[in-house]
Amino acid sequence: MLVKDYMTKHPLMVQPTISVVEAQRYMGENNIRHLPIVGKGKRLLGLVTRQTLLVHPATLGSLNVWEITRFLSDLTIGDVMVKAKDVITIEKDATIEEAARIMVEKKIGCLPVLEEGVVVGVITEIDLLAELMEMMATRVSGVRVTVRMPDQRGELAKLVSAISAQGWGILACGGVPSPKDPGKWDAVVKIRDVPKEEIVAALEKVEGQEIVDVREI
Amino acid sequence: MLVKDYMTKHPLMVQPTISVVEAQRYMGENNIRHLPIVGKGKRLLGLVTRQTLLVHPATLGSLNVWEITRFLSDLTIGDVMVKAKDVITIEKDATIEEAARIMVEKKIGCLPVLEEGVVVGVITEIDLLAELMEMMATRVSGVRVTVRMPDQRGELAKLVSAISAQGWGILACGGVPSPKDPGKWDAVVKIRDVPKEEIVAALEKVEGQEIVDVREI
Amino acid sequence: MLVKDYMTKHPLMVQPTISVVEAQRYMGENNIRHLPIVGKGKRLLGLVTRQTLLVHPATLGSLNVWEITRFLSDLTIGDVMVKAKDVITIEKDATIEEAARIMVEKKIGCLPVLEEGVVVGVITEIDLLAELMEMMATRVSGVRVTVRMPDQRGELAKLVSAISAQGWGILACGGVPSPKDPGKWDAVVKIRDVPKEEIVAALEKVEGQEIVDVREI
Amino acid sequence: MLVKDYMTKHPLMVQPTISVVEAQRYMGENNIRHLPIVGKGKRLLGLVTRQTLLVHPATLGSLNVWEITRFLSDLTIGDVMVKAKDVITIEKDATIEEAARIMVEKKIGCLPVLEEGVVVGVITEIDLLAELMEMMATRVSGVRVTVRMPDQRGELAKLVSAISAQGWGILACGGVPSPKDPGKWDAVVKIRDVPKEEIVAALEKVEGQEIVDVREI
């Protein structure tokens, strides 16, 4: 679960000399929201996002629509991009949770991915959500059970062993500190090919743990 | 791990009668990218995003800057919002992976959260990434190990039991089909307060499984 | 033929605090191209023309349409007007040819008319053209004759006397240095209620002068 | 005093295929407000004025500044010009007062001048004001006298003869129905190289006429 496994490889990139108008069309036609700007050898020079394109301040010499049009149609992407020194990037060997942390803390939706200074990909919020979906085996049918357990050593093993003891396969397994109950941990497991009732019956017997949600998905 | 646990409760919402100019300022000042539009009793009437505000087509009677200004300053948010029937929403009891799935498939970044037709929150990409971070215990120091195992019943239990047999606590646990090796599953576990070397030594002994990545975080 | 006779009295004027958007609408609805800005006691503070409204430079903090709209809708006419010290004005007792001279030399289409510093009117190109039409009796039918004569004393009197000797009335009379023939002067006279042939016959007899154009209008 | 004598010959003209942005720059750099659009053989296809460029309605697919820029920068002058069938023109042999009449009645500031369907010039308000200045001998020093006389036959001849009898030259001569006194006619004459007092003394003796304004200019 590393950035290089979930990033978009060979992302669309442009030179700083193309016009903003062209870049904006290019992004629209390819339905992309982030565009790395690169120089020789794919060295990162800057980044533009759809949002960037709108926050660039402008000193207009006139309020004549046609002069504004001329001014804007002459702007290049190099004029408006966020310069490389201000672009937050990530290395291709970083973990996906590190990418998530940066996006959450900086409130940004895309990171250019570098390897020795060269752009080798981009990773976006959507890529990370796709990873989250895989962790939760979202596209596979099964029974999803949330079990609340004390936040202490050995509890997850108890749960996993109980499932394994039945010979059942675990499609997905994850957990977070309980949002409802401090000191507890909510584990989610997803089990395939077993009726819901049997699963509930088995897991109810795990000592010190409580089923808080069950659903067939 | 349900939507209601990770959504923003009591989100900022506005009436359809306010001007777009006001709404845009309000979004900017509060640094929000999505704004539910509600009527009486917080019934959802529509949604605007920063992007929505820019894709609304306009028929201008003139290219005079001041007439354009007047036209635009007279537009209300009700004129430009995506109408409720076209807004994709989610119920507060849905799972977070369902929210992720919708966002990935529809390429959207925000879902209004409903309970009996009333807006009770919004959930965004950022909220889901925060959840992903928690699942991976991102903010807690420990050793993060990725173990590649056959995608078959009992494998995760073998790994969890091996850790538990050492008396070690599992901070985080998750897995995905191996992006490198079809037929395999990559599990990530995070273990606290144990030297990396000891963990590697113990997990190397788990039969049929292979450590593919170890890092202290 | 003084400015006060041809100016628009009680012209539409506004305070500097109204918004440009309002002023522009006001000008459009009243089909006016020039708007004096006045303070207490109708003292001239500035002038805006349709053209002025488009040459004002702007420093935009953003290229977001809605932020531009907010910026522009907050501008007052006082922000964009040409300040009184730079407005070319004329006194109400000046001649209309003086008004014409200023407009031609400065390439401007409107002059606020002052009396002791107070705005009492505006005079525009159109007002002067209306005066020109009256000088040429444009709206009265008659025969318009252009006579080329030496540019020397007594020539106009010869022509006028010849007409008067016939008992004919002169509707209009004017002259300019001949555009075709340096050293000559082209006089135009307009005579009512006389057949063209009779006029030509009479004026052909004026010594040293030549009829260069005759038309019934 | 015909249009062909006062028009701008060989005016700047463009083909309908150039972009509006280029045409607007061209007009600004050459400080012109009206631009005839011509096809093969200088046949008139349309007209644009600075004002025309601002009243063209537009249907925008988006309010994104860059998409608007692209839309506008793709517009050609042929897209926005007033089409030939709606352009008011004048023949080169028309009188200048006819040009003035059209401009006043239609509230327009420029007429393309045609000869057998081909554009041979443009005549503007400024050109007509220049002609008015010449009629009033504006740039020559002298004494300008306004004489009010009954609006009847022989009155102008009386005045002109009285001046001529003194051996004085008339620089300019014109008249309009008195704006102050219905039934009267105000004649303006300009006389060179004679002291004001002598002129007043001579003209005061003209029976039935009254000096209403005298000034040295």
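Lettered A, B, C and D in written order, each chain numbered from 1.
As a working rule, a contact is a pair of C-beta atoms (placed from the backbone, for glycine too) under 8 Å apart; a residue touches a chain by one contact, two chains touch by 3 or more.
Being a predicted model, the structure only gives us computed values, none of them experimental.
Note on connectivity: the fewest steps through touching chains from chain B to chain D is 1. Chain B and chain C, compared by their mean Cα positions, are separated by 69 Å. Chain A and chain B have CA centres that are 8 Å apart.
Among all residues of chain D, those that touch two or more other chains are 53-54, 63-65, 72.
Chain contact topology: the protein chains form a complete graph, every chain touching every other one. The part of chain A that touches chain B in the complex is made up of residues 1-2, 5-6, 31, 50-51, 54, 63-65, 68, 95-98, 100-101, 103-104, 107, 109, 125-126, 128-136, 138-139, 144, 146, 152-154, 156-157, 160-161, 163-164, 167-170, 172-177, 179-180, 186, 188, 213, 215, 217. On chain D, the positions that touch chain A within their shared complex are 20-21, 24-25, 28, 53-54, 64-67, 69-70, 72-73. Those residues of chain D lying in contact with chain B across their complex are 53-64, 72.
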